[in-house]
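Note that subunit A is present in both complexes that follow, paired respectively with subunit B and with subunit C.
For the complex of A and B:
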């Protein structure tokens, strides 16, 4: 069996938390303002922190406590802080540039979610309880929605956020499906995030210097 | 001494409660809105005064209007009274006429009333009538998928489309009450409630022709006809609140037996619950700005997402 066996109230809490996590990714899909986007990401990471903490308390796993507080520190505080500061420093235009309009992108996110449910159901339904199916399909749909965010938005900040949503999805999947993962793996993922954000911010600053904007539409000029 | 009333008495009281309390709730919400905006506002009973005044005025009918114009207020009013019989307003057990129709029947009656007002506003032949009816038809088209999916979600949870069964299902199981499908359905229905009762972010029911939807449809009516239409508008809001509160959000406090005390407690608790939701609705109505007409789809897409996610999360819930 995948996942832990837990009392009923933990299942109810876990259900509610994963549903809220999915909803916050839809909030990100439907927002027009970058600062709102970043705050929604912070909120999503905070929910993941609570979920990890609840699972850690219930299973009395010290590693999960550790991972939970690292999540709180890195994903909920540091990364949104860096991004918000970046916006202020470069006075980036607040409005998100969209290729696909908001209603269509919400509906596409919905289709991706349904697809994720379908995939997870086919993959792990024979040997896992229903709660794991629900939570891991939501994690997989976070990954899909993150990809969709990268595809459908122009600016580099939103690309970074899409990548971070993918990371969140992977982290959620690992916490829910295999909570006994060695702590070193989780640490690697968290450092990965910090390095990714730092590297991408430096890259986008260079892009700002060269092209004068954060929009990636300019990049097709580089084609030789 | 135990007095036990007939269930017919309850059925009658159900209709009387809706008829008499609905203008009060409407007046209360508008009073709260005015207070939030920093004004004194009209009395809570202003809706009653309006209805009284309108019933004592003469009826003016446009020259080109046909029988549809005259029948629309009655159809609207009577369909609201019929919906009252179908839903659990006061009692937790089904009343004799509660089995006339299920939630789909109620939705059919709501759209019947809306349809008659639409064709009546077209019937008068003014340009404002056409404008109002086309806008409200667009809104109905956008909100219909969500409404259907909310019903599907309720039918999945309760294994029935009768509102009484849904009420019993969620009160019987506490994990189900706190499960995401239930909350998501509540959220989707609340968005529909805001849209259907003419609140922001969809539209303010003002008389400015740029933004009017509900007012444009009934612009040609006057006197008792207008009073009936206004009253059925108040009742529509009241009934949607009853479905929202007594079927979905908080199905406690209803009468469990035939006693007069139960009847009294049911009426009082219903009013108290409604005042709380009314305050929330008034805060939302004053805090949010109006959406542009071409951005309504974003709002309804959000409601649609909520209802689909309710169905998806119900399939694999953890208990």
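For the complex of A and C:
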């Protein structure tokens, strides 16, 4: 957390939490089942909630408490609940169609993580402690992994989850690097997540009604 | 002024909700037309205020409207007005021809006015993060307009649109956060206390240069997705071709300008910080590459609306090139091109909408001899095509001429050569395609009833076309001084 001096235990917790967050994104990369993805996303959001809460307590920043509990409510409870309910309603048991196989996905995820680390190191190393570099490089790698999930998986639900992982990465970056970010921005971003998820779910329901599947592989009519 | 701005924004909201609740078709049509005409008048009033009172700043600086902002508001309201007028004719025909259900009809009017509302808000907002969220809301409202007629193709287009653009906006959000970070680290003196563009551009000199460089590239990629810069343009032809014609024109002629506005705000901040060479180089490179993709798309297209969607990409890249070349002529030309694009793109999309209802196809090879079938539409369509490709006397001729002049003035002769050759390629292919639509020999077994549709189908084409041609002859002094003022804001 830039600009604050924290006790040692916060650094240990922060390191541990961001490592687990990275791990949960790799769980998404390595699984074939949609419900796995949603649970991993909920777990990841829960970890981000704990991180935000710890940072809020240590820096005595009321805004961060508020943001933390909103994260808990929106990202950990509401969004995964909607997605799971949707799966139940349409009784989706289909596997995710992968364009890139799982081992290769994991290797690509690793490469993206390393790339994010170097990018962040190059950008903010002159003025920030090591712990911030670690945490923010993991945040950036979440963004990259989210993009990778969108391009390598052919289901509407995984597209939504890819976008959500990108948003998680941006949120983590903003909490770790710029804790003084105005609270209105966080609120609006959370609102935006809800609206986007709702819109995409409605669209994918239309798609299910018309084409009988959530798979996006048949979306190939419009070319050129 | 506060009350005026609030009223200005409540009018479309009221129109959308009331048309959805009352569920009377005639009422929904005319309340949208009425609200859009009120907003057009309101946009002129805001423009007048921002010229005479310098900058409107209300609600503690949460809403700031300077000349640039009010110019974009004017462009949006012009397109909103003509689109809601044309929508009356288009939707009546859609109910007759395509069995559009009542639910779809009222959903269309609900989201039409909401879409216009989100676009009218965007240029007023001072906080750039909220601006980006507003752009995201334009994506969602317009995605529901793309599926106004639920077909497999339109669902595909809306899905691609929402996924690609949301991902792009999140990158732009990352760029915005990095801009904020660049003013909040040691050595910068913690000057960026908020994400307002007024604040950032005031303190632009103190921002961290490395981070600003990275953040500006992210902004161009992110908002460039919305503007339709290649290679992030892939959603654009799909959404434009599958949406109903009034929505295609709103997407093309006003949404792209609204997103371009955001890029130019950051352009100013990055330029004040790094010197203008860096952002200009980026705009020139994106502009040239998108120009190439746009012109190649124009040459390859076989359907009317995709043709004009690629033409939008071409126009936006010329605008980007104009801003990138900078100087008085380049920036002035780019701003004028924005106006020309907003005036002439609706004409082309409305014409294609009329042909779609008459010929029941978007295929260019099957639409022939429109001049004999629907003379008024065909006349306006062909005039519009001439104005679109920059034949004098149209405003686009002047703007493209100014941009070419600026490239010569800067001494970038290779840009001049590339730009002129791309423009000629677009000229030839657009002219041959529209020529075959208008004057080609009609199919013998084509037996639809001859004649135009109701006046609502061609009057909205006539008004902007006339404005475009008159402005091509004579640019009023007030418009000239407004644009010069915006040039000084951007530079």
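FYI, the second predicted complex is superposed on the first by the 218 of 224 C-alpha atoms of A that agree within 3 Å, B and C clash if a C-alpha of one lies under 4 Å from a C-alpha of the other, contacts with A are read in each partner's own complex, and residues count from 1 in each chain.
One rule holds in what follows: contacts are C-beta pairs under 8 Å (C-beta built on N, C-alpha and C of every residue); 3 or more make two chains touch, one makes a residue touch a chain.
Note that this is a predicted model, so its numbers are computed, not measured.
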Looking at the overlay on subunit A, is there a clash between subunit B and subunit C, or do the two fit?
fit
Touching A:184, do we find subunit B (first), subunit C (second), both, or neither?
second
Given the touch rule stated above, what does A:26 touch, subunit B (first), subunit C (second), both, or neither?
first
Considering only touches as defined above, state whether A:103 meets subunit B (first), subunit C (second), both or neither.
first
Is A:113 touching the first partner subunit B, the second partner subunit C, both, or neither of them?
first
Which partner does A:200 reach: the first (subunit B), the second (subunit C), both, or neither?
second
Residue contacts on subunit A - larger count, subunit B or subunit C
C
Once the two complexes are overlaid, how big is the angle at subunit A between subunit B and subunit C (Cα centres, nearest 10°)?
150
For A:174, is the partner it touches subunit B (first), subunit C (second), both, or none of the two (neither)?
second
Touching A:127, do we find subunit B (first), subunit C (second), both, or neither?
second
With both complexes placed on chain A, how many Å separate the closest C-alpha atoms of subunit B and subunit C?
18
Let me check the overlay on chain A: which residues of subunit A are in contact with subunit B and also with subunit C?
none
Complex contact set, residues of subunit A against subunit B
8-9, 11-12, 14-16, 18-20, 22-23, 26, 30, 102-103, 106-107, 109-110, 113-114, 117, 121, 129-131, 133-134, 137
Would you tell me which residues of subunit A are touching subunit C in their complex?
2-3, 122-124, 127-128, 143, 147, 150, 156, 159, 162-163, 166-167, 170, 173-174, 177-178, 180-182, 184-185, 188-189, 191-192, 195-196, 199-200, 203-204, 206-207, 210-211, 216, 219, 221-222, 224
Footprint of subunit A on subunit B - complex, ascending:
175, 178-180, 183-184, 297-298, 300-302, 304-306, 308-309, 312-313, 315-319
Could you please specify the touching residues of subunit C with respect to subunit A in the complex?
127, 129-130, 133, 136-137, 140, 143-144, 147, 150-153, 155-160, 162-163, 166-167, 170, 173-174, 177, 180-181, 184-187, 194-195, 210-211, 214, 237-238, 241-242, 297, 300-302, 306
